[in-house]
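Both complexes below contain chain A, partnered by chain B and then by chain C.
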Partner chain A sequence: MIVSLICALVAVFATLRIVFEKSTERKLVYLNLLNFAITGVIVFVVGTMVDPWLAIAAAAAYFVGATLESNAIASTLAQKEGRQ
Partner chain B sequence: MPVPISEIVQILVAALICWIIFILVDLIFALPRKGGVSGATAIGTNIELAGGNLHGGLMMGNIVCSPDASAGTLLAACGVYIAGLPGGLFATVLVYVGNRICHDKGYAGTTGAFFATILITAITSWTVLGPELFIAGMVLAITTIQGISHVHASRLLGKLWGWRS
Partner chain C sequence: MTTYLMILMALVAVLGAGIALLSKNAFNKLIGVAVIASGTIPFIAIAGYLDVAVAVALLLPLTTIMILKITVGDDV
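Then we have the complex of A and B:
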């Protein structure tokens, strides 16, 4: 399916951008893009192979969890820079 | 694998609709005004230092740090794809819970998810566009903001924020 292929390609693209980006804060922005793409892939894969409702729960849980991690990392970096 | 041109066009149309939904809701909820948490402010100032616009950068920081209208639109599209209108509403509830988990006091994510659920359900029942196109469309829409050029994306968002404020 072309829609899942698009999500997967965007995920690979985002990963490459993360690898080549030097600033940690801006890596998080690309990581956010990666999370969007992976959420799409989860719905397409889990939705067709396991329970459909589980797919929404898994996608939302993954996305919220990943966002919370980015939030924590960015806040910690901001505090660290504030102290220096 | 031959790719039908019509499907590509449909995905691009879905991406445009998603882009308009999430930018509109985020601007209405004033995401570019200030960083919701210190991390969002740090990302915004970092993008400004790289040559971008501060308010656009703050909006991008807010998108990273809490589920906003773009995340709401994506999860609503996923919900509608899986189970129609009830799936979209279930996704809206999950976005609301996600906002609270991320200490976000705003309602941009929840409103975006609800608005997108209604719109995507209506569009998919009245046109040839399927809900799966909106998932790929939203991923492409967020790529234009978060994935191509932070400097140019933040300037564009800053310009849109200037009109809004």
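Then we have the complex of A and C:
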């Protein structure tokens, strides 16, 4: 259970870095760190309560979705900045 | 022990709401929306509704992509 608290502290650290960062590209780097930390929270908390394979499936689905989201933002940002 | 975890996740979600509220750039607002989603999905998973968590985790990026196409990526 202490492992999930460490993952949650990493998530709060990543969120604070997103808040206080000026550049959008560096915000995207710490958004990826936040996605890793939240995946750790899901798989370590839920894996001790219910079936671990179901928790792994939920964490994998979250990770796929979050990576798709941040990559969509990053690729649109790259296309807009490369065009100008 | 789960209470501390919920407090930290709520802190993540509230900070994401602050990012989405106070940013001027459209990309920073979208990053704030992504942080809000990242803060709220562990609440669904901790409550035990893992199928709902899978559905929400796969549907929220689609809403972000739609917002992206409407607001900033109209001709990209």
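Here are a few things to note about the model shown:
Note that the second predicted complex is superposed on the first by the 84 of 84 C-alpha atoms of A that agree within 3 Å, B and C clash if a C-alpha of one lies under 4 Å from a C-alpha of the other, contacts with A are read in each partner's own complex, and residues count from 1 in each chain.
What we mean here is this: contacts are C-beta pairs under 8 Å (C-beta built on N, C-alpha and C of every residue); 3 or more make two chains touch, one makes a residue touch a chain.
The structure displayed is predicted, hence computed values, not measured ones.
When both complexes are overlaid on chain A, the residue A:50 reaches chain C alone and has no touch with chain B.
Touch criterion met: A:77 reaches chain B and chain C at once. When the two complexes are overlaid on their common chain A, residue A:40 makes contact with chain B while staying clear of chain C. Look at A:28: by the touch rule set out above, it reaches both chain B and chain C. Shared-chain residue A:64: touches chain B and chain C both. By the document's definition of touching, of the two partners only chain C reaches A:12; chain B does not. In the superposition on chain A, the residues of chain A touched by chain B in one structure and by chain C in the other are 1, 4, 28, 31, 55, 57, 61, 64, 68, 70, 72-73, 76-77, 79.
Considering their complex, residues 1, 4-5, 8-9, 11-12, 15-16, 18-19, 24, 27-28, 31, 34-35, 38, 41-42, 45-46, 49-50, 54-55, 57-58, 61-62, 64-66, 68-70, 72-73, 76-77, 79-80, 83 of chain A touch chain C.
Put simply, chain C touches chain A in their complex at residues 1-2, 4-5, 8-9, 11-12, 15-16, 18-19, 25, 27-28, 30-31, 34-35, 37-39, 41-42, 45-46, 48, 50, 53-54, 57-58, 60-61, 64-65, 68, 72-73, 76. In the complex of the two chains, the chain A residues touching chain B come out as 1-4, 6-7, 10, 13-14, 17, 23, 25-26, 28-33, 36-37, 39-40, 43-44, 47, 52-53, 55-57, 59-61, 63-64, 67-68, 70-79, 81-82. Contacts from chain B toward chain A in the complex involve residues 3, 7-8, 11, 37-43, 46-47, 50, 60-61, 63-67, 70-71, 74-75, 78-79, 81-83, 87, 90-91, 94-95, 97-98, 101-103, 132-133, 135-136, 138-140, 142-143, 146-147, 150.
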